[in-house]
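You will see two complexes here that share chain A, one where it goes with chain B and one where it goes with chain C.
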Partner chain A sequence: MRHKTKPFHYIIIYAIVLFFVAISVYPVLRVITISLRPGDNLLTRSLRIIPEDATFENYIKLFTNEPFLLWVRNSVLVTITVTIIGVVLASMAGYAFSRHKFPGRKLGLHSLLITQMFPATMLLLPLYIMISKLGLINSFLGLIIMYSATALPFCIWLMKGYYDTIPPSLEEAANVDGASKFTAFYKVILPLAAPALVIAALFSFMTAWNEYIIAAQVLWYEDMFTIPLGLKSFQGNMTTEWGLYAAGAIVISIPVVALFLFLSKWLVSGLTLGSVKE
Partner chain B sequence: MAKVVLENVTKIYDNDFEAVADISLTAKDKEFVVLVGPSGCGKTTTLRMIAGLEDISKGKVYIGDKVVNNVLPKDRDIAMVFQNYALYPHMTVYDNMAFGLKLRKTPKEEIIQRVEEAADLLGIEELLDRKPKQLSGGQRQRVALGRCIVRKPKVFLFDEPLSNLDAKLRVQMRAEIIKLHNKLKTTIIYVTHDQVEAMTMGDRIVVMKDGYLHQYDTPVEIYNNPTNKFVAGFIGSPSINFFEGKLKKSDGDIVFAGDGFSVDVPDEFEDKLKDYAGKEITLGIRPEDVYHKPYSTSADYPANFVANVEVVEPLGSEFQVNFLVGDTTFRARLEPKEEPVMGEDMDVVFDMKKAHFFDNKTEETIV
Partner chain C sequence: MKKITVVIMLLLLLSLSILRAEQEKTEVHLWHQMEPSNRKVLQKLIKEFEARNPHIKLVVLHKGTEDIRTGYQAAAAFTGGGPELVYGPMDQVGSFEVMKLEDSEKSIIAPLEDLYSPEFFAKFQTAGKVWYKGHIYQLADRLGNHLALVYNKKLFREAGLERPPETIQELLEFGQKLTKDRDGDGNIDQWGLVWNYTEPFWYIPFFTGYGGNVFDEEQNPTLNTEAAVKAYELIGLMRDEYKIIPQECDYNIADNSFNQGNAAMIINGDWSWTKYIESPQVEFGLTRIPKVEETGLWCSPFVSAKGYSINSSVKGKVLEATKKVLRFLTSEEAQRRFTKEVKSTPSLKSLADDPVVKNDPVLKMSARQIEVGRLMPITPEMRAVWDAMRPALQSYIAGSMSAKEAANFQQKQAKKKIAEMYAGTKKEGEKKDHTTVETIFVIIGIALGLFVTYLFIKKLILALFFRKKDSFEIRNSRFAVIMATPAAIIIFGVVVYPFFYNLIISLSNMNMTNVNSWDIVGLSQYIRVFSEKIFYSVLFKTIVWTVVNVFFHVTIGVFLAVLLNRHLPGKTLFRVLLLLPWAVPAYITALTWRGMFMAETGAINLILTNLGLPALQWLSQPVTAFIAAMITNIWLGFPFMMVIALGALQSISDDIYEAAEMDGASAWQKFRHVTIPHIKPVMVPAITLGTVWTFNKITIIWLVTNGGQPADKSHILVSYVYRAAFNLYRYGYAAAFSMIIFIILVIFSVTVMRKSGATQKVT
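Take a look at the complex of A and B:
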């Protein structure tokens, strides 16, 4: 017999769920509301989600009057590169850490973990000095290096953890079947590690797409801005263009939401990785 | 097809643990050799060294006439069935079987033909489009076999392939592997911890323990003439009975005096046993060489005494009986017509011609 939940319990459960949904959805709704308000209506006290004289004016302005598309291009360029670097390097480094014994393996793993204990802001100064000595200020390469360095340790650990759950006899079978070490990795292990690869990709993507503080140190010129820097530039000394700001925020969150929805199937199985055998 | 030769092969792990110690053996072309021993005896390590999945610390491994110590697994032309089957989970049965052929750039028509041939042989034609997780244990086992067969390698290596199957299926697959070997005539090296599997499948058996090779011979020879106490105890089910005792002389005859009984030793053994007179020694006798006196006509050299019936297990085809004599329990397989009664004393006969004697110190077989 299945345990029956009483109606009273349902009410409580739904109340709690609704409360948390409200907390997480409300800010987003407010941003949408603000992005739809006409410029002269910013400080209204109306709580309507879609304002009375709603307009897409801010969105149109964003794409026509501002270098928004340029920022999108910059962000896409940086993000995709970081994602590719993150996935490629993490998938191989994680494999090495998982399967091979070599001097410094433990030290390597631990130092990767330790880097995760420092907040990025703490690393700003040393990273800045390094990047400037390398002459990479105001270059995407500098930014990409910094992002990759932030994203990689987590991704490597993630991949290593996932490879650990794949029985080594699969590679051995492939080796005996006639595959070289790389072929066995590429044709047998990598496809099986797809869920972890998706998480690694997502993590790298998020690291680069949303990042502001590091980008603000490395990139100085407006035409090199990534989206978060661009949005921040709407905040002037005298006024802040909240409408544009909100519209921009909505637009840049679309790819992230789409990506999460698209990958959610993998995500769920990916997040429980290693908890169950097979 | 090729012979496999191991020459003084030793495996020492990084932590100085010696997993395999100085093993030399030859598996002839087309021979079915079984490596058997308790877990941790080094049998799997030995197999993995032949496969090239484990480095060889000392010694040489030949496949055919070629030393393969430094040849990668992929170039050794071997095929291996793993204990957990190690099927590629993301590939269909067909792709699993075709994987090795594709890597060798075999023409597509030939791949199809070979896979279908193997599938037909194993009765898995209908499964070719399925993924491994949709298969039962027995089917997975067949696919793993199929993956080996299609490649037509020089040597098959089996690493406890049946240990994940239930008892009934195990017996069935055992027979199929024997049939397969008869058909394909490929050299097989097979690892198992199950002595029944070893006895039933192997042309020759390698008995291993603690990294050492204890005996390498045909099943019958190993059963009848074990080289030491370990081999005698490991091979045979139910296992051989051991008795501690002393050899004594009485009226010119040698007698084995155990705990609460004594039995006469056949004359032809006396020569070999003469140095042990008056010394501690171990007697080994297999359960089928123990008789109830009225039914002991087939015993060549009967020696009788009285023992108490402790436990009776009627199996239909026979009774397995635990007897108690002194403080020692021993096991006998009696004919079904005898009906021993628990708790009663019985006249027990040992066929001393079939008995074995072991040195207590070295545990080597004396007779």
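Take a look at the complex of A and C:
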């Protein structure tokens, strides 16, 4: 199926894909337009993508007038840590839930889901009280724990679901060869689960990278801000620096796109899997 | 293993707190909500202050007005902490005064008259000292925050007008001359007048112009008076008879059209004026909002002071430093700076006749508007009034209520909401005597929690330490438990406390008056939720919202993933482009979508009309506004499902498809019998979680419909509870409401998980 596609099919597929690409790109182009426009206008009658009086002023201001690079550093620090925690712990826990029978397994799986069901807006107050009593106000550690707890349940379920599709005969073979349980997991199964690891990484990354509601509760110093919190500070109650905000939004998306490009190598690793299947 | 982790965590915590403790300077934190232009002035002032007071470090933090309010309350009332200084409009004083510190009758902000001498206060104008319930709780550095009529002199000249309107009649006539179709395409592209229709703050001047008062002497709302009706009728007259205002107008539309020379007049506040003065398309003119001839009254906007309050838990050395900071930030020097650079009206008597004020035409006119303004009410009841007026105003604008109906509606709603805000508050003299009941409930709650935890831990301990010799099962368990424990500690460590906290609050009568002295009242908050009809209609909307969103997320996502999983030149590029809706921060793209749905300027209507379809008033009708929010959220959510599906598809090897092809399977059959079963284990959890997240996703609906517009009719459960309860500090009710949301979701997902067998093990 993947190898033979008729030319006619190609045309249809391209038409469909391009249609969806257009829809996903257009609003983002509008954001770029706002970032290139001088002054702080969110709306305009003009439908031009590149405004007549286009300028990079906002991008320059972003990097020179604002402590943007500091925010980038903070965000990178927090996000990378959360991504590592998310991928490592989820790949382990997901494996346990997929392969092993242990007391509390079902309860555990269900409660993972259940943690996601409470409306987060309503939890802000008790979360704040907790963070504050633990003395985690103004520490990245507090943020990292919060974000990891947000990202992990989904990542665990995802990993568990993916491990389920890998035949258990593989570890059994490894065990027969004398490998320990952990070695079998680490050396045999984990490489096969690369596509799921990619998604878990991307998801953990996004959780931490774009979050500002909890960050706004935890961080009281402007030089500790993460990027989304920094962007939020461009908003006033009535007046918002839309140009700067849009420029910041575009800049903050670039690492996400880059990460995805970098990771997509492993997202197509069906080959690896094909080679070990009987 | 677990112990080690805990020890490491504790050590980390300890080291962090030590790091923070090593400071020689006295830190004073200030939370403020100044607009971006003001913050630059503030920054300069801080530098100067710190240079003069090297032992004080002033840490400022900007938050939105609402975030300051809730943030400060959470910090001060619930944890006894918070910043030393808090800056904002004077009406926040009401919401702070009502909240008391733990174990005391003291409010969370300190009475300032105990802290400074009478001579110091004498320097301020009366309006600058914010008195409330017998104390000065706030000291203003400026007056104003008021609306006035801004006009574009250039457009007035072009229309042959030499002066701004002074009466409502003139406003209507001038407006007609200024409303133009400049390019002759049949669409108006220059409006006579614009303002933000969605907020009642802009309705107040018309209401007062016809003689209206928000409260009577006993603080009861009086919103269904003749004045209220006439004010609505005036808006209708402008829109339908004289056609001088657009059909749809929120803050951004009004602001942008005036700023770009597409509207001749705007009613807007002093915070916006500097921007218009700087705009090349605007020749700035400022005047009073006109007079109503019938009553002989000027339209009076609310005028409020803005200033600083001190946290009442601040003591000793820090208090001295804090007092110094407040003194500096309200000083003549500081006020003059703000006045010069952002045209604020100073609160010091000495500056009233200062050349900075006297010689500035804008400030002079601003002062003339303040003369006929009304002081903004400070009581927390005003929040209920705003929430009652907003839907009435929006319904009137959308044409679904007459002027009379709107006036009656806002009165009824205001009364109801005020009653709800104070539900559970003890009457004067009533003693707090429910301690036994309270204790019993708390004990039951804690016991229940401990019991569940105990069951869980017992199983784990059994598995870890009491190994039966050579039992394969248990050895297996040990490995699995070790693998799963670190993640479990993080997740449940974060979730357990907030969950039980909410559970207990949901059984209480907590509201703004008793945050530290609430009582357990049992299930009455739950009964209240279930007895309100609106709960069921909002629940129905939430289900529609969730089903539609998830359906399109999954179908579009899987469809695109299948297309992109084949050999297709350029697919890497397509994938990245399709990922963009997920990658760009949703806050700005959601607002961009809102812009695209605007009736007159938006891209969506442009496309519709080009296709020969009728244009829609998307955002001012409940159904279309809801659809607009769903479209936006579908756009935001499909890339996530696409990525998941792409990953899931990697688990299918080509051989299976080839085998199916050999059996003569059609493309659909292959999809149905090969693809779906293979991606199911990964997709089911993603879909379940996607459903849960969508059910509780407040941000998008809030941004696209601007907080449930029109008239609070496009809410889902979470946004409704936020608007109706959290916003009015009905903590008990809000907690019960969220417990109900939680239970609905638990029932749903347990059913799905059972049916799909996703918790089953494959081995």
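Please note the rule applied: the second predicted complex is superposed on the first by the 221 of 278 C-alpha atoms of A that agree within 3 Å, B and C clash if a C-alpha of one lies under 4 Å from a C-alpha of the other, contacts with A are read in each partner's own complex, and residues count from 1 in each chain.
To be clear about the criterion, contacts are C-beta pairs under 8 Å (C-beta built on N, C-alpha and C of every residue); 3 or more make two chains touch, one makes a residue touch a chain.
Just so we're clear, the structure is a prediction, and the values are computed from it rather than from any experiment.
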item: First, second, both or neither for A:Val17, with chain B first and chain C second; value: second
item: Superposed model, chain A: greater residue contact from chain B or chain C; value: C
item: Which superposed partner A:Val188 touches (first chain B, second chain C, both, neither); value: first
item: Partner chain in contact with A:Leu170 - chain B first, chain C second, else both or neither; value: first
item: First, second, both or neither for A:Gly178, with chain B first and chain C second; value: first
item: Contacts on chain A seen with chain B and repeated with chain C across the two complexes; value: 101
item: Partner chain A, residues of chain B touching it in the complex; value: 14, 51-53, 72-74, 76, 78-80, 82-84, 86-90, 99-100, 103-104, 133, 147, 151, 157
item: Residue numbers on chain A that touch chain B, as the complex places them; value: 101, 167, 169-170, 172-180, 183, 187-188, 191-192, 278
